[in-house]
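First subunit A sits with subunit B, and in the next complex the same chain sits with subunit C.
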Partner chain A sequence: MSRTPPGNTTVVDRIRGGALDTVSAGIVRWGFVAVTVLLIGFFALTEPNFRTADNMFGMLKFIAPTAIAGLGVMLAMTVGGIDLSVGASAGFAVSIAAWTMVVGNQVGGVAVGVVLVGGALIGALNALLIVVARIPDLLATLTTMFVIVGLKLLIVDGKSISSQMTLADGSSAPGRFTPDFLWLDRGNIGPVPVPVVIFIALTVLLWFVLERTKWGRALYAVGANAEAARLAGIRVLLYRTAAYVGCGLLASVAGLLLAARIGQGDVSAGNSLLLDAMAVSLVGVSVLGMGRPNAWGTALGAVLIAVMVTGFTMIGLPYYAQDFGKGIVLLVALLFSFTFSRKRTVVVAGSMTN
Partner chain B sequence: MTHDSTALLEGDDRAPVVSLRGVSLSYGSNVVLRDVDLDFAPGRITALLGANGAGKSTLIKALSGANPRYAGSISVAGTEVALTSPTVARLHGISAVHQKVADGIVPGLTVAENVLLDNLAGARGVMRSRRRDLAAARRALALLGLDWSDRVLSQDARDLRISDAQLVTLARALRHTPRLLILDEPTSALTSAEADRLFDVLRALRADGLAIVYVSHRFGEIEALADSVVVLRDGTVQSHSPRPFEWNGILHDMLGRATELAQKREHVHRGGTVVAEVQGVPLFPEARPLSLTIRGGEVLGVLGLIGAGKSELAEVLGGLARPAGGSLTLNGAPYAPRRPGDAIAAGVVLVPEDRQRQAILPGWSITQTVSVPFLTESSRWGTLRRDLETDRAAAVVADLEVVTESVQTSTDDLSGGNQQKVIVGRWLSANPRLAVLDEPFRGVDIAARRGIGAHLNTLAQSGNAAVVFSSDVDEILEVSDRIVVLVAGEVALDGYADTLDRATIVTAFIGADTTPERTTA
Partner chain C sequence: MAHARSISVLALTASAILALTGCAQSNAAGTAESTSAAVTEATAPLPAPFDGDAVSVALVRQSGAGDYFEAWGAGAKAQAKAANIDLTITDARNDNAKQASDLEQAIASKPDAIIVDHGQTDTLQPLISQAVDAGIPVVVYDLALTDSTGVITTSQSDESMASGVLDQLITDVGDGAKVGYVSATGFAALDRRALVWDTYVNDHDLDVVFSTGKVSESTASDNIPLVDAALKQNPDVQAIFAPYDEITKGAVQAVIQNNLQSSVKVYGIDISNADLEVINAADSPWVATSATDPAAVGAAVVRSLALSLAGQLDETDVQFPAIVITQDFLAAKSVDNVTALRDAEPSLTLDTTVVADWLPATS
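And now, the complex of A and B:
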């Protein structure tokens, strides 16, 4: 039996293995950020309009609803779930806000309250179906999606709601989109547009809750192994419910921003939100190399999409080429997280019921 | 014992089936195997021993193609081969049952399909016949003396308890006759009757000329089964020894310090105050109500076969399951936890039987895993304090001598026994009023077992209660002051360790003392 003297070839192995791991971890962690910075740099150099502060805020404002809905999906993903109803919830919020102000003749504050309650209820419905009725999350939220789209159309008679529109009985609607509501889109706090403030505030809030508090840790524990979390004393049902309710709330905030932007209760609003929200939350899993749903990653994913769409538009790329660009970005992100990463990626969206 | 300098064991002139030369393996910067030379001869059972984290499972992963990133050479029947995948290894006649049972089970497939998994993976037989599958699966299980109904065979394998899942993986491996069969702690989840049956099968295979590698932390099994012992420590081969085994030397090679194989309890404590009482609780539908008093100041060992109601009792105490009838008290007051969280708040902690399924959080660090039950203690205004979390984890790692590079290491990267130590340690760090441990020694080495035993003793001596559930007589004898034998949900024997002898316990346990003494001093 021959024994290697300790630390002979092994020291070399140690260094080589260590360096390789560090490089790989670095690529995974910062690769995506680098892509974003490079793109911003490229557009800023080639397009003078791109590098103005107005454009920077404009991009963030443009992407805020998508980003906030994406944060909602991200929250559902922390408990190992998924929410396909975010787009529908946002659309529901648009119509309900308009209906409350225009038909119900209420001020914007009331509309905001009604919409948020509605969003929480949609989240609670999802939680009920998933947690209590034990329907797999993909199916449950798909069902909810149809239900609330249908409910929205029933409430507004299938029509878009605009200020002073003609009602079914021939009279004209009593209310209109009030200035306080429109402030949600057009207002500024200091130099910063309100949607951007809301977007950043929610990102920071979710980052803090998820990464720094015991509640966030518990959410992740439920997502990692629900049975183990339960045995460790975590109220699994409560946390899963909270995640879906939170998701519903975030989706309705996204809807409020959309409604304020459009200035009317467009029935088709929110239709394209689902796929974008899903994309940014999934991109968020991979960027920063965290391998799990997280707030900053999601926000960064949204920013990158905004940069691409704006930049492509400015350099004259037709709108129909932009989805292709988004697809490439998502592909790159997923390659980073699943193929190049040595860390096991935990999230398996939409596969759990128990 | 001989510290051989030649690779072949003395007097063994048969050409080895599989030889390793200079095999090394590292995970990142952590060198886990260094220059291992080994030969496995046909018709021999080689026991591979070593402390938790010594590199046993890693060696097996290299040998079975599960980790092809090894350096050095492995030859089969004299020709060097590249074991790049489990399929390649199987083609060369090497087949393995790995330590993590859950990894060997495909959830979503039926139990029968799991037994026949290798067929499903193969190119042949695209069309499956349910009836033929059931028959084939039953034949495979019959080899282990199991007679499972079609209903069990057709259910989703996800729902199997760990012992049954282990039997499925064993039945699968035994369906083929490989040249080298490797079993990594196959009995840690089995009861003695099932283990004995497995040993009969292994002896028969040995007689057929198979080479067998067998990993276990239960020395009684090694004594009963193995032809030679190889000790691994820190990734290097420390010694080979042929029979008869000289255990003190082997233990020294394993742990690097002198350790007694069998440890007699010096003081058998008699408990005082009643900590918890179980009154008339039926453990399963057909069982008669069970009553049991749990006292502070003593370690209570509950011995029982699978199906005796051990896990059911543990789950009732830990708030995982509601009792079907009767009542519980804790510290004299009624105790009816609705969920594990209630039990924990009341000072009752449960170490569950299946760590992979019930305790490990994939991808989580040791610190985070240790911290999960203590999130409130480790936070202020809801904000987690990393320093408190790290302190607790560091204490657990130091206490139970967990082999790891740091507390930030992912629990996925720990050896099986070290994962178990992290889980047991985190619950003991709660300083519970009542600690309930269901098979806490599963996969831990002898030193860690002693360490956990000492902890339980300390806990009891501070007036609290500890209940250890196990299906291994010797484990129970080693840690318990008081011993309760559970048979079909009822107490068959209840007495203090110094008033009972082993034969009495075993008789109560399995009806008659048929098992050989598992530890030999």
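And now, the complex of A and C:
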């Protein structure tokens, strides 16, 4: 009677294992959301200034350019690529917008148009190098980064462009940053600052395109296995080109927001954007346990970084502690995506092998 | 496999929680330290509003990196502690968009006052006006404003800094000398020094053979190649004016690389322990610098704010005077750090500028 049926231990093990797996899957899927919520809760309880609506919008506004550039990197990642030129493209956008308005004396709308065309061209250049010239993404976009930074400095003579600056011929610059352009940063739609609206709108747009349309599925298919995608009749070159052009456009939108925030053509703008954008898109891969680049994950990654930077500042930690915090978050995110995830992670930043 | 993975996830989570707990503890310790009262030599009790709860002040900085800014921040912190001010510091690390966000968030947090340290005029002017409109007292340091209504502006006197060291340059190399200029535009202090430079160039017929320079995250090393190239092109230059110590260090390094230290003299501005080491090195081309003590200036900015909040500041523009320090002076007095320099040149401590019996200089 006391004899244990031979199968029992296995069953118990399996049940225990199942429970463990469920718990770990839950952690993988919701861990980051939980950390974000816990951090927000902690700062909201301890710092009265943190829990104001002004601060919530302020944080989202502050992170919007980084998040949008991160969405660009995310888009490049969907086709198995990477884009190191996002920071340079954003910086280029800042100087070009300033040049168009201050030196060219054009209105804000023209500046926005010029910047977006410029961004699309940078994306097209990346695509040309990667798709046609077959240079690996990492190297091609690194090259583009230097070319764009240099080109920007050549165009503006290495100088920050500000209203009333003295031009080469000794006269004063005719234009200035127009109010309609500055509205991009300083305006509100209802109670919501414009950058936040743009950030959320772009996140929703990219989520819709990637998750709800055949173009999105095709992009992921190209990223997962370009050869299989080609055999399935997907026009691989076209999709990879589109991803890089999209990335260039998003980077230039980020640059427009930076330009409106700074209010002058600051030559150093965008320098710090690349690493943060890269970080949020990588965190985005793991945030919702999806194991692939995705829009909501990237947005959430950006929010997490904004919460950390703002909260850490409020409790008085120096900036290098914030870098450490960001590093730890990225490390944990990467461990979740590559080491513990049950799904195969489809992000191969900068190579086409899988 | 699945088990190993699940267990490692749990282990990681557990260790993350442990790590976070560790963080929390160190935070608490940090807060406790920063709110503890400091010992001061004040001879009168603190007046309102400093006699009650700590006065909250946001310090919004363009950059806190580099010897100068590090010392400035330390001075400001020490003075704030002595005056019962709870200082919240943000550091934009030369990212002007970040500084705008920082200031915006500072305004939203409704502090008792805001100090803005450096920054771009076009970027910060609208936000500073917004803060003034919201009734928050604002003190700016080394930031040119187009509308300074209701703002207390403070600066180290760039006019006196630049002219002092340039007088020395003219004494050393004379009128009509071949000179180089290493600086950047778009920074209030550098722009003001540039104006003084232009005057000297005209008045003394200086032959400017090169102008270069930049300010970046790593200014000193980024200027070496620029000055190096300029020196290769113009090895006959007699003096270089590099009016910001991080740039000066780059220029000095480039001169040494080109083995020109016997014929090229470098004139800088600012001082720090690291700068003194460079100036005092054997055969250093850096012959004179013009300086305020950054820690004393950071403290004096906080004192300006404190006096104004207590209703005891009569002026709206406060300038901190500078002195010229030559290599020979340092050698004669064998000064090798800022503390020793303060003893050798007591006027650096600004202990008579914006002080009160309840608010002595801390540095």
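As a convention for this text, the second predicted complex is superposed on the first by the 333 of 354 C-alpha atoms of A that agree within 3 Å, B and C clash if a C-alpha of one lies under 4 Å from a C-alpha of the other, contacts with A are read in each partner's own complex, and residues count from 1 in each chain.
Quick note on the criterion: a residue touches a chain if its C-beta (ideal position, glycine included) is under 8 Å from a C-beta of that chain, and two chains touch if they have at least 3 such contacts.
Fair warning: this is a prediction, and the values are worked out from it, not measured in the lab.
Decide which partner touches more residues of subunit A, taking subunit B and subunit C as the two options.
Result: the larger residue contact count on subunit A belongs to C.
Scan A:Asp266 for contacts with subunit B and subunit C and give back first, second, both or neither.
So A:Asp266 only meets subunit C here.
Name the contact category of A:Leu258: first (subunit B only), second (subunit C only), both, or neither.
Touch partner of A:Leu258: subunit C, not subunit B.
Pick one for A:Val197: touches subunit B only (first), subunit C only (second), both, or neither.
neither
Return first, second, both or neither, reflecting whether A:Val33 touches subunit B, subunit C, both chains, or no partner chain.
neither
By the touch definition at the top of the document, which applies to A:Ile234: first (subunit B), second (subunit C), both, or neither?
first
Mind working out whether A:Asn225 is in touch with subunit B, subunit C, both or neither, as first, second, both or neither?
After superposition on chain A, A:Asn225 lies in contact with subunit B alone.
Counting contacts the way the document defines them, which residues of subunit A are shared by the two interfaces, the one with subunit B and the one with subunit C?
Common interface on subunit A, subunit B vs subunit C: 17, 21.
Which residues of subunit C touch subunit A once you look at their complex with the stated criterion?
Residues 2-3, 5-10, 12-13, 16, 19, 27, 30-31, 34, 64, 88-91, 93-98, 100-102, 104-105, 108-110, 120-123, 126, 185-186, 214-217.
If we count contacts the way the header does, which residues on subunit A are in touch with subunit B in the complex?
Residues in contact with subunit B: 1-4, 10, 13-15, 17-18, 21, 212-215, 217-218, 221, 224-225, 227-235, 291-292, 343-344, 346.
Can you name the residues of subunit B that touch subunit A in the complex?
3-7, 24, 26, 28-29, 31, 34-35, 37, 236-237, 239-240, 318, 320, 339-341, 343-345, 350, 352, 357-364, 368, 371-373, 375-376, 378-379, 382-384, 412
Taking the touch rule as given, give the residues of subunit A at its contact with subunit C in the complex, in rising order.
The contact residues of subunit A facing subunit C are 17, 20-21, 23-24, 27-28, 31, 49, 52, 54-55, 58-59, 61-62, 65, 158-160, 162-163, 177, 185-186, 258, 261-264, 266-269, 271-272, 310, 313-319, 328, 332, 335-336, 339-340, 342.
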